[in-house]
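First subunit A sits with subunit B, and in the next complex the same chain sits with subunit C.
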Partner chain A sequence: MSADEQPGLYVESTIIMTTVRAVAPFVLTFALFIMFHGADTPGGGFQGGVIAGSVVMMLAFAFGIEAARQWVDVRVVSALASGGVLVFAGVGLGAMALGGQFLQYNVYEPYYYEASKYGIELVELGIGGIVASVAIGLFFLLAAGFGHVTDGEGEP
Partner chain B sequence: MIEHIPVLLVVLPVLGAAIPLIVSLYSDRGGWSIAAVTMLAHATLAGLLVPEVWTGGVVSYAVGGFALPYGIELVVDGLSLAVVTLISIISLGVLVYARHAGPHENTFYSQFLLLVTGLTGMTVTGDVFNLYVFLEITGLAAYGLVASGRRVSAAVAALKYLIIGTVGASLYLLGVGYALATTGTLNMADMSTKLAAVGYDSTLVLTAFGLMVGGLTVKVALFPLHTWQPDAYANAPDSVSAFISALVSTVSAYALARLLFSVFTVDFLTAVPAARWALLVLASVSIVAGSALAVSQSNVQRMLAYSSVSQFGLVIAGFTIATPIAVLGATVHLIGHAVMKGGLFAASGIIERKTGATTVSGYAGMAGRTPFVAGAFALLALAMVGVPPAIGFVGKWYIVLGAVEAGLWPVVVVLLASTLLTLAYFARLVERLYFAEPTIHDEPAVADGGAEADESPASSDHRSDGGGAVSTGMIAVVVAAAVLAVVLTGAVPLLDQLLDQTLPPLLQ
Partner chain C sequence: MTPVEWAIVALALLGAFFGGVAAIGIVRLPDIYTRAHAASKSDTLGAVLTIGAVAFALQSDLSTVKSIFLIVFMFITNPTAAHAIARAAADQDIEPWTKEDDS
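For the complex of A and B:
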């Protein structure tokens, strides 16, 4: 009924705020768990990233979208997205610099005996960062509505 | 270093796409420079690969060093090399155009480079699932770019494109699933031998073929599946229309050819005539219907979009005929069409900025106001019709020769009719441009109040979107496209030789 007025959407609720406060750390931990187990069990950066992104959405539902938007710095979101790509490419190109193929983890092994395992984990974390930040960014963009698109001389 | 080029071609634009995001925290500009540097490096890498493939033949790369049928393979042969070079050159051209025409946001250049990533990836991959991944990257970046237009209609067009494009990609993925269930492999070369072992008449193989090819024809935009295309091309910003009309369908058609020759092989087409005929009929219907729809358009950009539907029918017909000469013709037309159509969209963008003309009747007499661009537009249009020295002629000629050789007379008739139909819509436009009385020259004055009759063209340039003015670089791009459309004819023997060296394994 109050769908057309944005600020009216948010209703402060002690129950939701308390629940989110309690649950959020566990959800974030679960997200990391999924990301770290991508190499040998179902899961990985994509799934873990979405779960990590959902933490921010939970906070937005509990404390209001504007509050969440101010709390999550846009620089963090950008850095996560770009950083994820750079980590992925870095691991891949590093292997090439050491004389292997792109993403050939075992060329790192002379330097660290479990490099293959942790190389994959690092790439999964990078992917998780990209997915989480894109999910968060999309959420905030959608929540902002169309006001910023159609202003100016937009014609239907 | 040289052996790593196939993967670097894909990784480089991804890296480039990540950087504008960070830059945008500090500055609103800078995206263009990053994209330009990235694409120059991309072009250099593609250039380095040319002598490599020319002398050494197919270049193959195992990502991650995994043993080949299991790991992801990247393959560059003559066909993919030609398409990669095309991607590099067109991207650079579009960047020069976008320098002034915009969009100027950093996010635009991120998406631009992501689109280049997807296109390059689709071109160099030798793995059917990997092809799906890059197909999706290409699609998502293209949807975003179409939506970057300022008008609401751009968002609607992008949504339509998103829905139809996703259905197409999903069909392809489903087909890959069937193929994987049949053969247990995703590597193209490995899959092609295993498909032969399973037997081409197996229901699973036929289903896989139908779904994979059906999915890709959505992306190529053949006739009944083309509905996303005119809206997307006409509503996107000019730079984006030029870019996606030149490359997105082109690379999808390349992927379709790759499936036909490297996965299902020509043997499949001869063993299952129904599959060949289905594709030929689809292509022929597309040629005729696309041209007919193009003739009936009044908006120039929509006309160009429907023209693509028809021209891609021609390309797919050439690939499906699958004799060496027809494949050469289809490849030439694939590349030639990209240059011509990109140039035509860029030219229509400039004409709109300079004169406000967007419709066929509005183009009347505009040659006097934009001599260079109108000249280039006319040249590109004639090249597309297939007037002899131009690249459009060579491609169509070889496709027709191939059809005659194969004795596919109904297809020959359609191919020849298509030239006539292409002439029908382009001749009308060129005639308007040069031989009709201007209908629009005082329209801005009328909009202003109608009193001033003698307004100079420069001051009447007050188009609301995009700032109106046109840079020398934008005109240079269009003229270069027109020159390329003629000069490329000289490169056809080289392409022939390149395909000869790498295609024989494809054509038995």
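For the complex of A and C:
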């Protein structure tokens, strides 16, 4: 994952790489923390998703945008976005199929006793996946707009 | 006032002072490198001292631990961000301000 194959384009900085290596796991943990605590504290899927997406942006700043672009699989990002939509719609419409309102979690409670609690968390995770993948995709699309990016094949 | 309260007030005032210095520096200094210098050093110290005051003021255990985590990451990330900005500016061939072209 080095930028050596693109001479003259981007030279990595040891300071930035070391900092990103040290901080990235904590940022990802913090993103999950924000997502899971969205129901009872400030935060939620949107904020946690943006923080999770910013991990990929941090890696791109440290290791070069082109290197990160080759490292990030487009299929994973699209699967995360559409999977998040599926989870959200599945939980919401499943409640309607069981005779409740859209996203009425307590109709699941005959099947699982803490369904209200974990239903919210599941929806937050879905929203987080959507937001993270859309943020990553927007970042790479914006980065491709600069003139000094030469090859962008295989990208959306 | 107890010594802890004096410490809180002193830390908050020092943090506000360094934050003010950073704001004045960002507005008054001539180019991107000197502004990054003001933003990285003074602003980091101001934020860290203020969060230190918060850590003393919140007597509960978990919030204090969170504040200390914030201080650690502020010390790591803020100078790195300034370094990245200055480095990107150098990559774009932005000339540093010198005394000769004082305008």
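One rule holds in what follows: the second predicted complex is superposed on the first by the 136 of 156 C-alpha atoms of A that agree within 3 Å, B and C clash if a C-alpha of one lies under 4 Å from a C-alpha of the other, contacts with A are read in each partner's own complex, and residues count from 1 in each chain.
Everything that follows uses one rule, which is that a contact is a pair of C-beta atoms (placed from the backbone, for glycine too) under 8 Å apart; a residue touches a chain by one contact, two chains touch by 3 or more.
Owing to the predicted nature of the structure, the values given are computational and were not obtained by experimental measurement.
Asker: Does subunit B (first) or subunit C (second) touch A:S78, or do both, or does neither?
Answerer: So A:S78 only meets subunit B here.
Asker: Does subunit B (first) or subunit C (second) touch A:L86, or do both, or does neither?
Answerer: first
Asker: In the superposed arrangement, does A:Q101 touch subunit B (first), subunit C (second), both or neither?
Answerer: first
Asker: More subunit A residues touched by subunit B or by subunit C?
Answerer: Higher number of touched subunit A residues: B.
Asker: Looking at the overlay, what does A:V50 touch: subunit B (first), subunit C (second), both, or neither?
Answerer: A:V50 sits against neither subunit B nor subunit C.
Asker: With both complexes superposed on chain A, which partner does A:I16 reach: first (subunit B), second (subunit C), both or neither?
Answerer: A:I16 sits against subunit C, while subunit B stays out of touch.
Asker: Tell me the contact category for A:F61 with respect to subunit B and subunit C: first, second, both or neither.
Answerer: It touches subunit C, and subunit B stays clear.
Asker: Classify the contacts of A:F26 with the two partner chains as first (subunit B alone), second (subunit C alone), both, or neither.
Answerer: In the superposition, A:F26 contacts subunit C only.
Asker: Do subunit B and subunit C land on any of the same subunit A residues, and which?
Answerer: none
Asker: Note which residues of subunit A are touching subunit B in the complex, please.
Answerer: Per the touch definition, subunit A meets subunit B at residues 74-75, 78-79, 81-82, 85-86, 89, 92-93, 96, 100-107, 149-150, 152-156.
Asker: Write out the stretch or stretches of subunit A touching subunit C in their complex.
Answerer: Subunit A reaches subunit C through residues 13, 15-16, 19, 22-23, 26, 61.
Asker: Mind listing the subunit B positions that touch subunit A in their complex?
Answerer: Answer in residue numbers: 4, 7, 11, 14-15, 17-19, 21-22, 24-25, 61-65, 150-153, 155, 464-465.
Asker: Spell out the residues on subunit C that touch subunit A in their complex, using ranges where they run on.
Answerer: Subunit C residues touching subunit A: 73, 76-77, 80, 83-84, 87.
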